[in-house]
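The following pair of complexes shares a single chain, subunit A, combined with subunit B in the former and subunit C in the latter.
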Partner chain A sequence: MTKLFIDKSTTGVVDNDRFLRVQMRKQKIGAVIRYFILLFCGLVMLYPLFWMFSASFKPNHEIFSSLSLWPNEFSLDGFINGWNTGTEYTFGRFFLNTFYYVVPKVILTVISSVIVAYGFARFDIPFKKFWFVTLVATILLPTSVLLIPQYLMFREMGMLDSYMPLYLPMAFATQGFFVFMLIQFLRGLPTDMEEAAMIDGCNSFQLLWYIVVPMLKPAIISVALFQFMWSVNDFLGPLIYISSVEKYPIALALKLSIDVTEGTQWNEILAMASIAIVPSIVVFLIAQNYFVEGITSGGVKG
Partner chain B sequence: MYENRRLGLAYISPYIIGLLVFTAFPFLSSLIISFTDYDLINPPEYIGLDNYRYMLDDDTFYKSMGVTFAYVFLTIPLKLAFALFIAFVLNFKLRGIKFFRTAYYIPSILGSSVAIAVLWRAIFSLDGLLNSFLGIFGVEPISWLGEPVFAMFSVTLLRVWQFGSAMVIFLAALQSVPQSQYEAAMIDGASKWQMFTKITVPLITPVIFFNFIMQTTQAFQEFTAPYVITGGGPAKSTYLFSLYIYETAFKYFDLGYGSALAWVLFVAVAIFTAISFKSSKYWVFYSGDKGGK
Partner chain C sequence: MSKVVLENLTKVYSNGFKAVHGINLEIEDGEFLVVIGPSGCAKSTTLRMLAGLESISGGTITIGDRTVNNLPPKDRGIAMVFQNYALYPHMSVRENLGFGLKLAKVSKEDIEKQVNEAAELLELTPLLDRLPRQLSGGQAQRVAVGRAIVKRPQVFLFDEPLSNLDAKLRASMRVRISDLHNTLKKTNRSATSVYVTHDQTEAMTMGDRICVMKDGHIMQVDTPANLYKYPQNLFVAGFIGAPEMNMVEADLSRNDQDEYHLSLNEQGLTLPAEKAQKVASKFASDVVFGIRPEFIKLADDSSPQGEVVKGIVIRMENMGAEFYVHFSVDGEKKEMCARIPSDIVEAQLWNSKGKEQLFHFEMSNAHIFDKQTEENISL
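Moving on, here comes the complex of A and B:
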């Protein structure tokens, strides 16, 4: 009996040792597989972007004839011709135009959303629940149902072919998810600082400005960044409201250039498309943590 | 926190004004406009339900609606599955997780821009990147944007490509699953796959649901990609509903019919969302209080 018992236990130890080694090898293989999957998927996903950048430096005949990311024949023609565009304006003009409405849009969104979120998170408001439900409902509402009447409204106000329709609504916290995101963030903040300041005689606006805004800073930056990205990328808004070429933002200019060239001057088009995404990429790389925090805390579309 | 109700109302008054002027008023107006015939030049003329009656015989309406639902049902499962899969792989405490997260997130930052739609055209056009790549293996050029099925595939792929934002949300959810749950399951001898399906997935169902709702509401409104890449063609195979609304209202200036179409889309999306919320009772588990709410 005892002999049998000892035998069993020794083999058990050997097994255990082997088990551990097998486990470790399994883990190593697992890690290798995981890195392989991540690298492979990452490459497939990002290859088009790298290719676009490199294609901008290729002469037109080389673009589709080689898959290489390094141009055989280095050429700046794409940038030079693309920058001059087929219109009387340079691409720089369209670039600036974009910022003429993106900047006010971002600023107005931040200001109005912070004020409204502060109201929702810290005050007792008549019919608060109702207002909050409408806030969530607007997030889910398909905007195409508002498009036509909004167009008619701005037409009545004589604002067609201006940037006003693109940013004016932002002054009224019309993008519910930003307000929602800030409310969520505010609810997670402790209120004792505010209470202390209130006892010291601060009014609610001073509380907002001196205490809440500094604490909200990360969330505010997230809001600004998301709004920046979405506004720069927005296409339907400018398409409906901006009609004269001199006011075209990047999005419309790119669409115009692909329509005009019928997709033959690919180096020009891809060069300008590359330039068009540079601001977004730079902003993202500088501030990526704010994106990740913003998207995970408030839950924002992307 | 603060008792002053008037002051609170003052703070949210910009929102209330915005809601009334830029959302509620246009929302109801479009319903009214949908009962009229309006071309921007002549004053709107009340025609009752004619726009809706016309829709019943409108082939483009059926086609476009079908294409839109096909698009949503194709993109969302693919996108969410991919997002969850990559988040799952990333969650193994790998070194360089931040680098990969960044790399995977970049497409969702850029994806909705015209620049990327233009790039997509360069990839999928007849003499484009994909065909030159396939050419290496001796594959004859495929007309990706000229064949209905392939065109839909190309447009769909652009949205799936943007899975990064959903992935980041999934990753955060996965990281918040308590480690003790896995340890307990390991002691009971559960396999990795069992742990994933029996522990991870149920615990993150609220996040899956959240991503599902956000992604579908967006997908129903997709405009830029099909408009720039295919223009809705070939044979209206990528003619998503927002394209139809846009062209009806702003190209053919039939604002009455455009509004009617927009309202039908709204009702379709509302029904879809309502069903999703109803169904969530059966598959979304909120920790703490079991059985929903």
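Moving on, here comes the complex of A and C:
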């Protein structure tokens, strides 16, 4: 709040003080209303998550019969049985499976997207505008459109029932959204540092490695984080390419317990779902600061 | 040897805009050349072409005895200091200084030695482990200069290095850079420098020579003193000097006795013999008459006839030791300005605002420009 300095001899001190008090009160009331609305919206959005978490501690019959978030009969059966799954593998196996393709996917995405974005943002390539429009067009293309031709392609290559179809395309910067995001971020960075480095003796790759990548760090972390969360949650990809149970990732494993048992054990599913979101939440919390910087400063002069 | 020669240097942008119109410039070994001009005069473009950051559309650039037209920046033997410092934000001052050497695969001990040497020279030693964001503007600029020195280049390029600093710091950095240039020269290190600026104080105080540019052309290259005393054209005359040179349109005429008269509307001025001689060969009747404010005095009995003009005082600005007295000459729209010592103003001009006053124009220091060609015909 800005302080008002009013000449005491003409207006009187009392008026000034009262004015300030009224202003303060108005601001306090405003803040209370604001926080109340925010808190309410936040709770509404978090409720399903709380519900899932609490339901995983309830016995199966209680889940749909009570609204209370606090279990009447506290039970860990959901976690124990869920972890053991109905198959010969424990849920830990499915966890590992997920990371087997998510980690290479994230790494390949970051490397390829950064290189392509650097090219777009800093080099004069023939027909650059055309390529850029093409890139943006691929963002608008629904992924399901590509599923059948891609499936046929990977079948010809003999890569079905392996993780290759899930991460190999990422090595070619196929996710236009990330490339686009990095290009916008790069455009906002001043080129002086790169020019200085060129004079200092950097070639294009040294420039990328020593100067551009460190400056791009917030955007790179955002890309990695988005890709990580989307990949862990991806259901369609594994569903199409992975057929043997021993290679199932979490997303498919959760589905597994829905159709193999006759009466669905919801507490097991919810318990495993609760565990399944832990990596995403942990990764997000670790990278939170960079993440926010990365998505907000893209396009703004750095 | 690190002489720099620009020959017929041209820059045409892809949209057809011609930024640099075939300029020729020689910069001697160890010289400090300041390039000055209004914004958009292509002074930075020229510097960037010299650095290799901008492609060349025509002409040649020679540094030392090599033509560097097609060499990448790193092979040109140059170092550049940027306007906004361009320090690598994720590296400490030490790493910033040593980065160029590291890329050149210099041994760690040598890097350490040279970095420390430069740091000492610029009083950066206590700051070596800081990051650029922990530095003040002046410190950051010193690091930027240090980064250039460490490389031991043949030529230093400065692109408006002081324009982001406040006035006081700018003054001290100005002296520092000049001193540094002299130190390097004394220690026999190559110190040819090209310094781009739009600040004429920097140009006048730092440059061995000044190159004045306008719209991609070089208007004049000369020492600061000559540029001030003998401007070759209207642009240089108006650009150099503060307050600006007074310039009014006038008619020049010659009589039977070979005397030259300038008429500012009703009033006449006579050119002294030595000026008249010079004007004779390039005579033009439509001219611009120019005189610097310090060569206008209050007229007294000793003022020669033909150098006295009547004016009306419009306003007086107190500068401390002197006053800027603004006056209008009858019939002229443009105000003129005279620099008159405070004691004279206090004795003779007090309360003279709005009143008529006789001014003495020292015609031997006046300049006559051809209105058409804008050239100085009185040199």
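Basically, the second predicted complex is superposed on the first by the 243 of 302 C-alpha atoms of A that agree within 3 Å, B and C clash if a C-alpha of one lies under 4 Å from a C-alpha of the other, contacts with A are read in each partner's own complex, and residues count from 1 in each chain.
By definition in this document, contacts are C-beta pairs under 8 Å (C-beta built on N, C-alpha and C of every residue); 3 or more make two chains touch, one makes a residue touch a chain.
Everything quoted here is computed from the prediction, not taken from an experiment.
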item: Clash or fit (per the criteria above) of subunit B with subunit C on subunit A; value: fit
item: Subunit B versus subunit C as contact partner of A:223, first or second or both or neither; value: neither
item: Touched subunit A residues, subunit B compared with subunit C; value: B
item: Subunit B versus subunit C as contact partner of A:215, first or second or both or neither; value: second
item: Which of subunit B and subunit C A:150 touches, first, second, both or neither; value: first
item: Minimum Cα separation, subunit C to subunit B, after superposition on A (Å); value: 8
item: Overlapping contact positions on subunit A, where the subunit C interface meets the subunit B interface; value: 198
item: Subunit B residues within the subunit A interface of the complex; value: 1-5, 7-12, 14-19, 21-23, 25-27, 29-30, 33, 86, 89-90, 92, 94, 100-110, 112-116, 118-119, 121-123, 125, 127-129, 131-133, 136, 161-162, 164-166, 168-169, 172, 210, 213-215, 217-218, 220-221, 223-224, 227-228, 241-242, 245-246, 249-250, 255, 258-259, 262-263, 265-266, 269, 273
item: Contacting residues of subunit A [partner subunit C, same complex]; value: 190, 192-193, 195-202, 206, 210-211, 214-215, 217
item: Residue ranges of subunit A in contact with subunit B within the complex; value: 30-31, 34-35, 37-38, 41-42, 45-46, 48-49, 51-52, 55, 63-67, 112, 115-116, 118-120, 122-126, 128, 131, 134-135, 138-153, 169, 171-174, 179, 191, 194, 198, 204, 229-230, 232-233, 235-236, 239-240, 250-252, 254-255, 258, 263, 266, 269-270, 272-274, 276-277, 280-281, 284-285, 288, 291-292, 295-296, 299-302
item: Subunit A partner contacts - residues on subunit C that touch it in the complex; value: 51-53, 72-74, 78-80, 82-84, 86-90, 99-100, 103-104, 147, 151
